[in-house]
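Just passing along the structure, written as structure tokens.
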Amino acid sequence: MMKYLSLIIILAGAYLAVPLQFGGNDYVIGIVVSALTIAGIAVAWAMLGNLGGMISFGHSAFFGVGAYGSALLAMNAGLPVFPSILAGGVIAGVVSILTMPTLRLRGPYFALAMLAFAEIFRILAIEMRWLTNGSGGLLSIPRLPTVFGFDFGSRLGGYFVVLTLVLLTVFVYWLIRNRPEGLALRAMHDSEDATLVVGVNATRLKAAVLVVSAFLTGIMGAFNAHYINFLEPDYAFNGSWTTLAIVAAIFGGYKTLWGPVAGALIVYLVDQFVFKAIMPSGHQLILGGLLAAIVIFSPSGLLPWLASRFRKEAGDAAHP
Amino acid sequence: MIARMISSVLALTLGLGAANADELIIGSQIPLTGSAARAGMGMNEGIQVAAKVFNETNGKHTVKVITIDDESQPAKAVAAIERLNAQGALAFTGGYGSNIIGPASDAAERLGKVYMTSGGVATELSQRGLKTFFRISNATGYAKALAGLSDTLDLQSFSLIYSTRESTAEVAKLLEEIWTAEGKKVTLHPFDPSIADFKPVLHKIKLQDRPEAIAMVGYENDYVGIIRAAKVLKPDAKAIMGTWSLATPKMWQDFPDLMNNVYGTAPLPYPAQFNTPEEQTFAEAYKEMHNKEPDYLGIFGYVQGLLLFNAVAEAYDAGTLNSGGVQDALRKTEHDTLIGKVIFDESGDNTNFAHRMAQHQDGAVAIVWPKESATAEARFPAVPW
Amino acid sequence: MAKLLEIDKVRAGYDAINVLWDISLTAEEGKLTCILGPNGGGKTTLMRAIMGLIPLRQGAIRFGGKDISNVPTWNLVADGLTMIPEGRMIFRDMTVEDNLLIGGFTRRCRANARANLEMAYSTFPRLKERRHQLASSLSGGEAQMLAMGRGLMEEPKLILVDEPSLGLSPLLTDEVMAILEQLKAQGRTIILVEQNTHKALKIADHVYLVRGGKVVLSERKEDVDMDRLHDLYFARDVAANRQDA
Amino acid sequence: MFDLVAQSVFSGLLAGAYYALIALGLALVFGTMRIINLAHGELVLLAGYIAYTAESRFGLDPLAALPAAIIIVALTSVIIYLLLTRIRVDREINSLILTFGIAIMLTNGILMIWSADIRSTTSGWYLDSIIIGDTLFAMNTEILFAVIGVLVVGAVWWWLSKSWYGRALRAVSSNRDAAKLMGIDPRTTEILSFAVAGLLASIAGIALYSGKVIEPSLGHSLTIKAFIITVLAGLGSVPGVLIGAVLIGVAESLTATLWSSALQGLVSMLLFLIVLLVMPSGLFGRTRRRG
């Protein structure tokens, strides 16, 4: 009951309080949208990391493919923007099949193999000029449309869209986590042998998670393309889409449902609003230090740490 | 509790920005970190000089430039524009790289405020139908300057080495079109920005292309790599030329053994032969502020800054700040600037933008093309090796 | 006879689990002390505690009269205390020869390393044949020999030997016991941990029986009554007389 | 055509020896401790900037900056190790994140100290050309550091396989507790290996500065290149690092010659993926699998 209540409060805050408080300030909303975009990738990334035990350095590949897929469908095939965002996710999911041979690899090898894929896609996007306009990129990508008199192309409109997408991403993650397959996958993290005994086809499950993770990442990429209205290979396949998401997920706690979202919001917003105000051009220095500190002092991330603090306090209160 | 903390932090960071009566606030969104940091810092120096010169000479108004680092990232550039707007900026300047200028100027357009830059050359930027977008440079100007010089030198065959980044690829494409249309032979050599060893490319040029001239479109580190490789392999060319960031005093100072006889685009000669009072004012202010000779990025930053400050002041006086006065002021007249006459068309492009070609000549950057601005004879045939 | 190693009411274990409960025993110089006991009784844990691989929670260990309770493992080794762990603890991805040579790592032994290597090879000719193979390719018996040879490279004063017969054929076990006897004849002090009661008793001077993290029997070999030992070993007589050393 | 390919292979070989220098420190730490130091490229870059300061401020030859570079970079490397030892859980991923955070700090630190300008040596000798048999061209610095590269690979191989501390390092990596029983202090050994990795990064940094152009954002791509070579080589194979590096160097160079230099990255990444997927333990790795 408590759980549902806090969820409702969060939702109400996200859909009502934030727009009411900051709706008129495009700058704040814009930063929040960027943070939520990172949050979406972070959740998709953490899904692969937590359920499959696979740490990817190449999620920008799916982000970029989703972005280009959706932008090109909307620009060349005239598909309306919302369906093309969905299609962008599907394309990213399909493309992830190409990367499946890497599922045989483990740990850093898998991570770097995915990075290699991202780099290959970036170069292909430069070279396939007939499709992508090469390094010149795509300008004036269709904005999010106006539906029932509400302009989703505005900053605030973009906020509602990305917020909904992130919540749906979390919901999908939650669904998969709670299925028997999700439990098996989490067990696999600890020992692959254990699941083989249980009779789960580990590789097939991992492949499925990879496709879903790629799909969700592609959706975020597609949204971003229509939100920023612009794409070029270096931007769409930029490694920072991956690294920021990893930082966020690790920071918040990548084994928890909400950790990646909380991590993305905190890291991005604090970095932009506080560190940047203190140190206008070197603030990433603080970000790097923060990252190192969290790994050393609270390796399971911020949310689990807060939760344990909270439990402790509640426990102290109960037994004075 | 947390909410209160956040809102107090927001108030802290957003609240600075109440304008003084006659202090005009200009927002500068510029890369000071990330991949475009080098160029951004150069442009920033020019804008700061422009503000100083404006404040000392205008008499009536002063400008206050608020600078935000866009970290060479489009989303942060957009955020910077929106934040500057919240801080009361009347117009925006800065921007480096078409990929960043595109979305940032879109954001400025939505806010109905002028965006003035010199850092993006992509043709598409001015084809978006924006009303508030202005730039003093474009790809065509660079390409024309290189093509003009090669006509004067009567060069017939070229090896064109260019980075696959968007602005470089665009200038290279234009150059190829111009030269091919003139019936000249062009061989293209695109390269990825991460490449460090240019010997295989230069060797190919030396043995297969055998061009009369080598043309480069890239950035400083690319030029250094290409010319170094050329010095090793010594291809039998008559000239080597490039675009921006090449014919600069800094390049000579840092790489004297590579630069002699190299051609590059440059707005002014060096040592600066500052003839007009304006040029002198600029040069003195620049040296005083930054303790070094002005370079081309600084000149562009200065020109774009000053153009914008004057236009904003004019609109402020006319009370038309909110009714398109700034863009009208920019569009309606010709402006005499350090880089020659500037005339903006409907799309915001400077139709008069033509670059000059300069040559490194033993430590001096001599303007050698067009003839009317030339400060020295072109040394030809001549290469650094 | 001087007591080379004294263990005084030691308590130790892993994380939340305590394994050793105030255990006390001694090893006399030049003798072979045998620690018997069932699996999980704490024998290996005791070895690890002596070597400083796990921290003591209580009690003290003295080596040659010096308190070594909190001395790091590598310093103990430098002082002449050596543990020959079971064969699994060889360096699997190093060659046989490198495994042996690393035994002579301490400053004290480096100068003699080459000579000691030849000695180890003459003791275990099988290892010489396989000197350039990876240790992971060795059979269980060979791995055990490697662990022993490596331990001898350390020029130890006191050798703790952890279940050398584990997984070995009876023939090989005899060979190992013969080598231990030989080492004792050279004047080295040995603590032998074994499950193989009969073979160990043949060469032992003093016998301890450890069960449930405690010493349940301490006797000179001459005094050992095999039936009682077996009863205690398998905990058939719960009320058995408890004796501390 | 023959000349073209010959020069291309020659350039590739020289580039390979230089890449080996870049990769060696990372390969050493990864091979012995299973730690990928994502700040390795920044360490190399830091050494390059120290050489720049020595040259521009004090008029020293880049190679003369080596002692200072070694002290500073090795110290930084050891500090990274000491921070890494603070990690308690999930060592594999958390060490990646920690070193990534340090890399961000180093990149921004370098930017703040040395600004975003590009830097390279002005010492003419390094850049003078050397011509072998009228057909093969190179810069002095490339030949010099190719030779140094091969020697250093040999030295590291010798150190790891024949020296007391090299053997001890391998023992620690193979079985930490057993290594302690050999009288080895694992921490000292590992500190030493991070210091050696710092030393190797310093040499690589001097090679970088005296042959290429440095800028603050370069570190990341150096790390990636180093890791790719390490994987190609196979875990723990020092000679494999040289061969993997040469393979990448020659492949890149031939791509530029026979195809287009825009596709260099594509070819080296494809090569990396193919080796990774087809030869699970790398070109020269031991039996340890990645699957």
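As written, the chains take the letters A, B, C and D, and residue 1 is the first residue of each chain.
By our rule, a contact is a pair of C-beta atoms (placed from the backbone, for glycine too) under 8 Å apart; a residue touches a chain by one contact, two chains touch by 3 or more.
This is a predicted model, so every value here is computed, not measured.
Path length between subunit A and subunit B in the chain contact graph, taken as the least number of steps between touching chains: 1.
Ranking every chain by how far its Cα centroid lies from the centroid of subunit A, the top place goes to C. One finds 36 Å separating the Cα centroids of subunit B and subunit D.
Note: centroid distance subunit A to subunit D, computed from Cα atoms, is 32 Å. Centroid to centroid, with C-alpha atoms defining each point, subunit B and subunit C lie 76 Å apart.
Centroids of subunit C and subunit D (each the mean of its C-alpha atoms) stand 43 Å apart.
For subunit D, residues that reach two or more other chains under the stated contact definition are 108, 111, 262-263, 265.
Within subunit B, residues 33, 164, 192 each touch two or more of the remaining chains. If you sketch which chains touch which, the pattern fits none of the simple shapes: not an open path, not a single ring, not a star, and not all-to-all.
Screening every pair of chains for touch gives A-B, A-D, B-D, C-D. Remark: subunit C residues 51-53, 72-74, 77-78, 82-83, 85, 89-94, 98, 101-103, 105-106, 110, 134, 136, 150, 154 touch subunit D in the complex.
For subunit A in complex with subunit D, the touching residues are 49, 55, 101-102, 104-109, 111-113, 115-117, 119-120, 123-124, 126-127, 239, 243, 246-247, 250, 282, 284-285, 287-292, 295-296, 299-300. On the subunit B side of its complex with subunit D, the touching residues are 33-35, 37-38, 40-41, 164, 189-192, 194-201, 203-204, 207-208, 220-221, 224-225, 228, 231-234, 250, 254-257. The touching residues of subunit D, when paired with subunit C in their complex, are 161, 164, 167-168, 170-171, 174-175, 177-185, 236, 286-288.
Chain contact summary for the complex, subunit A toward subunit B: residues 21, 25-28, 30-31, 34, 37, 123, 126, 134-137, 139-140, 155, 224, 228-230, 232, 234-235, 240, 269, 272-274, 276-277, 280-282, 284.
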